[in-house]
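In what follows, subunit A forms one complex with subunit B and a second complex with subunit C.
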Partner chain A sequence: MFDFLEPLFFALFALGIIGAGAAVVLLRRITAQALLMAFTFACMAGMFLLLGAETIALFQVLIYVGAITILILFGVMFTKQEERAYGLFFQKQAPLATGLAVIVALPVVILAFSFKDPATPSARGSDLIPLATSLFTDYAFPFEVASVLLLAALVGAIVLVKRDEQ
Partner chain B sequence: MTVPLGAYIAVSAVLFFLGAAGVLVRRNAVVILMCVELMLNASNLALVAFARRAGQLGAGSGLDQRGSVFVVFVFVIAAAEVAVGLAIILAAYRNRPTVNVDDIHEMRG
Partner chain C sequence: MPIGPFGIDPTIWAVLRLVIAVALTVFLVLNGALVQIFLERKIQAVMQDRVGPYHTGPFGLLQTFADAIKLLGKEDIRAKLTDAPFFLAAPAIVFSPMLASFVVLPFGPDFTGVNLNVGLLYLTTLGSMTVLGIVIAGWASNNKYSLMGGLRSAGQLISYEVPGILGLVTVVLYVGSLSMVDITNAQPGPLVNAFILPFAFLTYFIAALAETNRNPFDLPEAESELVAGFLTEYSGMRWGVFFLAEYGEVTVVSAIMATLWFGGWHGPGVDAVPLLGVIWFTLKTYFFVLLFMWIRATLPRLRIDQLMGFCWKVLIPLALVNILLTAVLILAFPDPRLPIAVANWALVGLLVVGLPFTQRRRLLRFRTRTRESVGTRDARLAR
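The block that comes next holds the complex of A and B.
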């Protein structure tokens, strides 16, 4: 009865992702860009919900919409922003590059739309318990390596921005 | 009526392209960092979409866990990348007060 809801929400989220993503690339107002990036991430969380990945959507909201957007906004605050022209528009190689991009993209598009979806709809349920089980049994070692990487990034970031007291 | 896999992949490809174009075209280091995040997120969408398809084809549990685990690791990498990237931008800014990558073209301090 509510079969039309998934395509409807998909269209809304896709519009939000592509529109806000294009605005991030094209706009010149840095704070608006950062907030539109957060909006893109929020729409992406909706996409994850549509795909049945509730836990991933939660992580998306926590890490991307929360942490990364705030970090980027801090970066905006600490630096002086200035208007500058785009880098690479309308160069001589543009037609050649367009042709090459089309040649590369065409097989990808054909492949992407040649997938046949199975007829049976997937059973929906929480994906938290299978994800946690998988992460802490099969992928326990990569998980530990990832935590070491985060620690190294934390220490590295502190060392990089620390002022020399002289 | 469900949304086909190709539609998710198409959205992912468009967002990845937008991010790549932003990295190539913009000159503000903070904006470049934002565009890299967009590209990482686009790859996450493709991973989750294919994970759902693998789950449908496999045991029928909805979502293949390998894809989800990979997405979690991409989250970790993205968080580490943005932290270190902003630290590098701030360190370079202290040397020379600009965030324009055309003006930061030499490694000399």
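The block that comes next holds the complex of A and C.
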């Protein structure tokens, strides 16, 4: 009876991701761009929910909407406030950027369409334990490397912003 | 045709249940906020040796209802130079995650919206979304004070999310589940998690005070410094929605504390009468709500550098040590309750004893510096 819901939500989320993503690139209002990016991330989380990966969806919202967007907005707030709509006048890389985007997107699209078996949505929240197990057994080394990288970034950030104490 | 609960068709019941749940939550949130505002006024009045609201209704009980009607009847004002779409969206962005949080709160046995397997993660996620609305409100108001409030709130809320989540992780490690119902079921007896994990509770409690912008962490809307912070340009019901969201947030974090550390719905007589669990849960939650009010009436506001320093230099390192200790002890002992409790209480003792000690050293350093500068000034004046 409710079978139509899943394709419907997929269509809504897909529309949200592509539409908001395009708007982020094309719009000239930086606050709107930041908020639309948060919206894109939220739609991505919705996609994860449709795939039955609740944990990843929640982490997506927690990290991207709740933290990264805020940091971007934090930076935006230090920009000029009087003329809110502005762009870069000397930006002439549009053709080059399009070419590069196509080169990157092509393998991704080919890879996406080469999948034959659709992922089977699992039961509610059951991705938590497989996720944790694979993170701490099979992928323990990349996980640790990533955390060391983040630690280095954190230390670097502190060193950069630390003022000289005479 | 299959028959669901109350003899209703299951497909209709699924929709009907949703409608009832949303209506009940909105009812709970709105009236909870009114009750909390009344309690807050009365408690502050008692603490400041005043009477508080007393004119409207018995004991002034209807005062907040009258205020709510006044807010609803106010003219909807928006300053000309505010950023319209963001200015209008901000209250909704703050309010809706708070409303959605109520889905997973375990009010009683068989009285939970959804027993989500990752319920606690869901609650933290929604809690982190509130910042977005506050920052947007600060930016869209096009006002210096609002912007300052927004910036402060971005820094404060993101920083205090870390010790809050670290405190929650300790409980999750100990209980072994992220589901609110499982965590409640794990502490049926009088030996609740608060006795075993007091330090995790302390970190979460402090972080929760900061996350909900309550005293002594209400810097984003500090009246004496920033007019009203991000709320400066708001009036009428938009302002009211921000306050509803704040009181709702307080209820949610209080409910989290009641569930994670104080046994949730468990209490005498719950096994016989399951509905009694709702009353226990509400009582425990409102205990923390009242504690928040008590703190608000007692403590002065922190400075922003003190706030950040306390979070990054004291809370986060100690919380990390706590997680490490808890994880190691869980692996080392078959029944890790006693060692974890000892380690946790030791950390609480370290914080309680160490904090005045470091503060005293800092004060002494400050005094000598002042004396030196006064000395050089006097020498300059004498010349």
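In this section, the second predicted complex is superposed on the first by the 113 of 166 C-alpha atoms of A that agree within 3 Å, B and C clash if a C-alpha of one lies under 4 Å from a C-alpha of the other, contacts with A are read in each partner's own complex, and residues count from 1 in each chain.
Simple rule for what comes next: a residue touches a chain if its C-beta (ideal position, glycine included) is under 8 Å from a C-beta of that chain, and two chains touch if they have at least 3 such contacts.
As the structure is a prediction and not an experimental result, all values here were calculated from the model.
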| item | value |
| --- | --- |
| Touch count on subunit A, higher of subunit B and subunit C | B |
| Touched partner set for A:70, first subunit B, second subunit C, both or neither | second |
| First, second, both or neither for A:61, with subunit B first and subunit C second | second |
| First (subunit B), second (subunit C), both or neither touched by A:161 | first |
| Which of subunit B and subunit C A:35 touches, first, second, both or neither | second |
| Overlapping contact positions on subunit A, where the subunit C interface meets the subunit B interface | 55, 59, 67, 71, 74, 76, 81, 84, 124-125 |
| Contact footprint of subunit A on subunit C as seen in their complex | 11, 83, 85-86, 116-118, 121-122, 124-125, 128-129, 131-132, 135-136, 138-140, 142, 147, 150-151, 154-155, 157-158, 161, 178-179 |
| Complex interface listing, subunit B residues touching subunit A | 1-11, 13-15, 18-19, 21-22, 24-28, 30-31, 33-35, 37-38, 41, 44-45, 48-49, 51-53, 55-57, 60-63, 65-66, 68-69, 71-73, 75-84, 86-91, 93-94, 97-100, 102 |
| Touching residues on subunit A, where the partner in the complex is subunit C | 1-2, 31-32, 35, 38, 54-55, 58-59, 61-62, 65-67, 69-71, 73-74, 76-77, 81, 84, 124-126, 128 |
| Residues of subunit A that touch subunit B when the two form their complex | 3-4, 6-7, 10, 14, 17-18, 21-22, 24-25, 30, 33-34, 37, 40-41, 44, 47-48, 50-53, 55-56, 59-60, 63-64, 67-68, 71-72, 74-76, 78-82, 84-89, 105, 108-109, 112-115, 117-118, 120-125, 127, 130-131, 133-135, 138-139, 142, 146, 149-150, 152-154, 156-158, 160-161, 163 |
